[in-house]
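Chain IDs A, B, C, D, E and F follow the sequence of writing; residue 1 opens each chain.
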Amino acid sequence: MNPLNQHHEEILRDAARQLSRSENLTNICQSQWQGEPLPSHSAVKEIITLCRALIFPGFFGDSTVTRSNITYHTGLWAGRLYTLLCEQIHAGLSMGGCNDSVDNHSDTRRSRAADKAAAFIKMLPQLRMWLNDDVKATYHGDPAATSIQEIIYCYPGLRAISAYRIAHNLYELGVPIIPRMISEHSHSETGVDIHPAAAIGRSFTIDHGTGIVVGATSIIGNNVKIYQGVTLGARSFDLDDNGNPVKGVPRHPIIGNGVVIYSNATILGRITVGDNAVIGGNIWVTTDVAPGERIIQAKANNVLRLKN
Amino acid sequence: MNPLNQHHEEILRDAARQLSRSENLTNICQSQWQGEPLPSHSAVKEIITLCRALIFPGFFGDSTVTRSNITYHTGLWAGRLYTLLCEQIHAGLSMGGCNDSVDNHSDTRRSRAADKAAAFIKMLPQLRMWLNDDVKATYHGDPAATSIQEIIYCYPGLRAISAYRIAHNLYELGVPIIPRMISEHSHSETGVDIHPAAAIGRSFTIDHGTGIVVGATSIIGNNVKIYQGVTLGARSFDLDDNGNPVKGVPRHPIIGNGVVIYSNATILGRITVGDNAVIGGNIWVTTDVAPGERIIQAKANNVLRLKN
Amino acid sequence: MNPLNQHHEEILRDAARQLSRSENLTNICQSQWQGEPLPSHSAVKEIITLCRALIFPGFFGDSTVTRSNITYHTGLWAGRLYTLLCEQIHAGLSMGGCNDSVDNHSDTRRSRAADKAAAFIKMLPQLRMWLNDDVKATYHGDPAATSIQEIIYCYPGLRAISAYRIAHNLYELGVPIIPRMISEHSHSETGVDIHPAAAIGRSFTIDHGTGIVVGATSIIGNNVKIYQGVTLGARSFDLDDNGNPVKGVPRHPIIGNGVVIYSNATILGRITVGDNAVIGGNIWVTTDVAPGERIIQAKANNVLRLKN
Amino acid sequence: MNPLNQHHEEILRDAARQLSRSENLTNICQSQWQGEPLPSHSAVKEIITLCRALIFPGFFGDSTVTRSNITYHTGLWAGRLYTLLCEQIHAGLSMGGCNDSVDNHSDTRRSRAADKAAAFIKMLPQLRMWLNDDVKATYHGDPAATSIQEIIYCYPGLRAISAYRIAHNLYELGVPIIPRMISEHSHSETGVDIHPAAAIGRSFTIDHGTGIVVGATSIIGNNVKIYQGVTLGARSFDLDDNGNPVKGVPRHPIIGNGVVIYSNATILGRITVGDNAVIGGNIWVTTDVAPGERIIQAKANNVLRLKN
Amino acid sequence: MNPLNQHHEEILRDAARQLSRSENLTNICQSQWQGEPLPSHSAVKEIITLCRALIFPGFFGDSTVTRSNITYHTGLWAGRLYTLLCEQIHAGLSMGGCNDSVDNHSDTRRSRAADKAAAFIKMLPQLRMWLNDDVKATYHGDPAATSIQEIIYCYPGLRAISAYRIAHNLYELGVPIIPRMISEHSHSETGVDIHPAAAIGRSFTIDHGTGIVVGATSIIGNNVKIYQGVTLGARSFDLDDNGNPVKGVPRHPIIGNGVVIYSNATILGRITVGDNAVIGGNIWVTTDVAPGERIIQAKANNVLRLKN
Amino acid sequence: MNPLNQHHEEILRDAARQLSRSENLTNICQSQWQGEPLPSHSAVKEIITLCRALIFPGFFGDSTVTRSNITYHTGLWAGRLYTLLCEQIHAGLSMGGCNDSVDNHSDTRRSRAADKAAAFIKMLPQLRMWLNDDVKATYHGDPAATSIQEIIYCYPGLRAISAYRIAHNLYELGVPIIPRMISEHSHSETGVDIHPAAAIGRSFTIDHGTGIVVGATSIIGNNVKIYQGVTLGARSFDLDDNGNPVKGVPRHPIIGNGVVIYSNATILGRITVGDNAVIGGNIWVTTDVAPGERIIQAKANNVLRLKN
């Protein structure tokens, strides 16, 4: 390539100087200025892959795992996961502006990070049981599924649920930022956006996972099934005296056991959808739904059919 | 990093032990226990990239292909594709629970896998012709497209259609699981979810490909155009005596030639949309549509306009 | 693996021969035949990552950047970005069928590419200011956001806006194809599809970015907020005498300052939505909206509630 | 870069055509023409690294091995080593011109390769004991060595001996070509060239390993120490009727127990150096040396000292 | 890791500042200051590997080359080799202080580099013939060699000769610096140091290649065989008026056809060793040797044998 | 590949079990059992490359360094070098059996490691000056050298000296094991083995660096030149009461200023070679040499010349 000309060289030098000047770095964490590393997207991706590999060995991560080496793989994966979690949780705890970073001493943070990492790994066997329930529920609810294995390999719904359950467990352990990074990674791979703070019961099914939003204060029971495009959202939110939204107020729906919500339905606000209710496709729901109730679109009376 | 403390070390060892114990691995394929490798997500991704590179050389895969080396690149890509397909089809045929794995002898499976791989590669030149038709149809239907090349490079619709045509051809050859892995990979990169079993004609266009679902038994004619958010879904499905869905029943729409379906329309059930019909945006269709008919939303009479 | 049998070997050789024959390569650029490299998807991905790393150091790219090395990182990133932009812009200028490739001499193209690359880098500090405004607007509008940093790390909306602003700046500099490759990459990671030619003001917010489409001739004011599933689309387009769409005609909405558009609303055609208007969820809008007007769905009068 | 000009393009095409024409490939194995892969230098390097990692965990290969994960690492390394050995031994057995490739059926070769691989791995624990003896002997013989660990980490002699013992064991199992590839790799890293067919006893020491040659039919006892530049070579060899050297005739020295051979000594032919003999530096020995005998250079009577 | 303390941070900043200050960079090329890249060690390594792969396909580089893909591999290797040679020769021509860089215009240098690269590739088929002769000569001269293939795979002598012949051809084409980088790379892998300017005939054999030095003005005939530790060196060299050595004066030996030189022999100065002469091991030769003459060490009369 | 048979699987499991059992790991450091990482060969290699890149930017490491980016590269290289040195020095301090590991507290070791790392980096500018002197001395002494740059790029002597000076500086700072790992890495790439404890003056030249040994207690003055195959060794060493060699006793030669030692000369024991002495090739020296004295081989009176 041609050598950089004088003029361009100056442009680059000026841009670099401005971009690295500290007064131009307003949103950057204070912690970073003290040399603490920030959380890393690629480390978070590896954490997700390791968790999935531990829970569904062979299906995710290294596909050469067999009966004769699974013990070794599992042991190393657990160790690697521990190391990554320690680093990333510590990085999260060290960030300015996080609600869990009161404690300013790095060694204490490091030790708390390690405790949370170990506590998370301890729950992995149970996480596998829950996810196996989700797999079975999905299999039994989809005529297109040809095998249990197809669900694990190919269903974005299962990917989204596995990422949610991982993120939710970390969230419950008081891990800052990392659970949200996990849910956004999953959102990017599947189009399903479940906030890690949401509470979701067992045997959860997402069919054609894409364009789904489940808000932070949503509560979902057991045996619930959701189709593409469903939103469990907030209707509105309160503002404080400065005009900023008040954080932490319950504002998303409560969905009972056995509920089915068809494609593109939108359920907004802190309403309750009773057990075994059915919400039809393209429905907009903002008031409580009784147990067992079925809400469907009326005859499409506002559609015009124009013959040629 | 600080050495692992005693207590955490035990937690990790216990978790690893439980996770690798065979009674805790209920959904893992039987085949895997005999040392057969499972299908691999990364190999499937490479298969898609190789197919696209062979069909649109320079646009996908290695961008340094030129007139003087295309013969060499094409030769090596074809060979690499053959190797990967042999391995992955064999892995698919060896999985427990797949509908194509009656035959238990590994050598026979290996030879059948190789036959399917070669048969697929043989069809690649025709696949290119079909995809070129899709490219042209997209170009002629979009005022924002500045060149044919922009379609190939930048349209998620074309990515989704290319993945579908690859997956469908493999599906037609009786390859298990791999076509579904391909369609899910494409779903993840584009937000378009076309089941490999669907039958789609020539000159197919997807505009703003995102949030689209095309079910397994859908049949789509030639010159069809679909916008973002469209669903070709099942209305309901039969359950067998055990309460499980009956597999293989036609349950998705039949779309005629020349049909246009605008954004977020939902077409459900084994209905027929006649040739050259037009389905307006946000429409919910569950009954047959006559050839040439145009269905649009009536005046938005259920909308309130609140002036300040 | 077993050696390739004779028959399969011939199939591969034939397929490779057909696929590399020049008469079968109808859509491939003329430029490529003269040895000019094509634009590369992986280079474009690296360009996006470098821009984000320069604008939000530590959050994207290398997470080990600290106060003591930010000057060095920034300097090298700017240099690397310049090199990649020079190559890719040149590749774009060299493609046949691009509207900016009148000039046929490679050296002139190379020098024009370098000028555009430097001009882009010069604007990066301003781009950071704009994106910081977008970050702040997002933070102040979302009760679930726990910190400014969470927005930068975890919000697909911010990813989509950053990719849009990068692509739009390149588009304004007359760079062909690359801006569209950037917007499609962003579409793939977030489900948000903003055409680089669209004009978007400051303090723009996208909540639950997924399934969003913003067309090429859209104009959006300051302080606008958009939710998932929103479409700013064209209602129809003119055909020329050959039946092809006429390019370059304004056909997408103009959105005023302070407008909020709720989830899955569809706004079509060259209409104007006045300042501070509010468009409710699932609304279909094809006519002008007055400033301050609020359009919401009427009571869901076409919904049937079926009690058990 | 500038496009390839017409003339250079033809030169490249011609050169490639000539180089790939089969009549120009006279030394290439017949087996290769049937699709059997050839042995691979990089696989052989990985085999050496895995063996050293298994024998001296932490010192070679992955340095993060600890008490809590050694079981897992060892298990995976053994499995990986088995896989690589199976492939490479099979490749060696399949090469034309090798003395162990009488059997032409690929499956039989594959099964024999697997047996040899397993047999080799079975001997690794004993190999570690032998190498620990070599380490100890080196430590006790070198005043510059500060610790046992320094020997393992830093002594090229130990590297050469470990490669020799690995190669010799494979040679004893009838593995063709691979042992020689191992010894040449070791020669390249250390400058020590020990033929895998040589027989070397326990507690062997090489000081300043460089420029050392130990021929194929050499026999070396226990507790022998060799310095840099030593050659155990052949004096001459017989030619057959065609003027080619007769293979397999013993032609290198027999070195007794406890012998020390100082730097740059050359010992040639099938002579015997008795137990505990000492060969001084720069000596040229072609006749037997009695047990306990010390051969040293006489006073340097053929040296001129020229004062200024 | 712990954050960098203030004091260490200053030390690093100061060291970096001093090391990058231009007055401290006295030996760096002028060309580099104008943005021309310097020759690259890793590119040179790849050049050697590509040449060896083209000459001995399967033995070096990618071991999966077979009859059915050799044409493709060869084509791509030749193209890649051309690209690398163009870059590296251009970098060599651009370095200050090189004897071939009179011409200061970068485009001219680039075009000359491309001509030299193409000329080199044109000679590769002949290079293969010469190297095959070297292989055969080595095989016929070594009783330990079990096959022709073992020579190609495992003999450092053959590696050294192949690197020499590559480097010498580039040297003959007037390529600066790169031939020397090749010979040093080969020196590092084998311990054989042959200057690229030396002239060596056909059927050359190096046995136990290690510790061999062949000086720049050496001339070696056909069918010559050399053992480990042999030096063909300069006896002394003239100094110019400034006390610097006069460059380019013939100062190394001329070795006739059919000569054998045994291990550790040292031959110094511009002397002539006649055809078919034999130089014994450990001999120091500084005067002409007649054709057919055999020089061997006399009885080791200056050795003391001390019995215990 | 074929699944692992039952019998082989057991062999692998048994071998892995034995190899990881702690009673079979006799030479492994105690520290390792507590989770402290061991020194890493690949990290040490990177340390050498970074030092050389800092001292001779462009010649080693990244070849794209230019005037406009050298400040950035240098800054990042220094930071990376600091990080690696901290880790590796800490690992060295933590190993059992090292003479510098009295202190058992990990934090103290970590802080000492950081101090040593910073102290080393502080000396890099001076190290560059010394190495530039070595480069110049080499250039002025070799008629084959065509430029200063050729020395830096291609002379193994310069590589060996640069590794020595790096290792020696670390040794002087009390860094355990790492200096020896550096010298062995250099030995492997060049065939030159200089102990880091040796003391070598300025303007040191090694010609045809291969097969050279410089022992731990050697002292070498300024302007010394050494040829291939030279040994500065110990004549003998004392044993303690246990029969082990006594460590730390001066036992290698002292070489004065301006001395030249020709190829394959061997100088043994704590003797003194006076200033400006010349030691001829193949000489064996075990007694003092006076200043200015020239020792050469007498006429080769023990050589037989046999005419045909």
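The rule is simple: a residue touches a chain if its C-beta (ideal position, glycine included) is under 8 Å from a C-beta of that chain, and two chains touch if they have at least 3 such contacts.
Since we're looking at a predicted model, the values are computed, not measured.
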item	value
Copies chain F and chain D - interface residue numbers shared by over half, same or different	different
Pair in C-F, B-C or B-D that repeats A-B, with over half of contact pairs matching by residue number	B-C
Interchain centroid distance [CA atoms averaged], chain C/chain E, Å	52
Between chain C and chain D, centroid-to-centroid distance (C-alpha), Å	58
Computed distance of Cα centres, chain D from chain A, in Å	54
Where chain A touches two or more other chains, by residue	2-4, 12-13, 16, 34-35, 66, 68, 71-75, 79, 191, 210-211, 229, 264, 282, 297, 300-302
Chain C-facing residues of chain E, complex	3-4, 9, 12-13, 16, 66, 68, 72
Of chain C, residues touching chain F in the complex	68-69, 71-76, 79
Complex contacts: residues of chain C adjacent to chain B	1-2, 4-5, 7-8, 11-20, 22, 24-29, 32-35, 37-41, 43, 91, 95-99, 176-177, 180-181, 183-184, 187-188, 191, 193, 195, 197, 210-211, 213, 215-216, 229, 231, 233-234, 237, 243-249, 251, 264, 266, 268, 276, 280, 282-285, 289-290, 292-302
Touch list for chain E against partner chain D, complex	54-60, 63-68, 70-71, 73-75, 77-79, 82-83, 86-87, 110, 114, 117-118, 121-122, 124-125, 128, 132, 135, 140-144, 146-150, 152-156, 189-191, 208, 210-211, 228-229, 263-264, 281-282, 297, 300-308
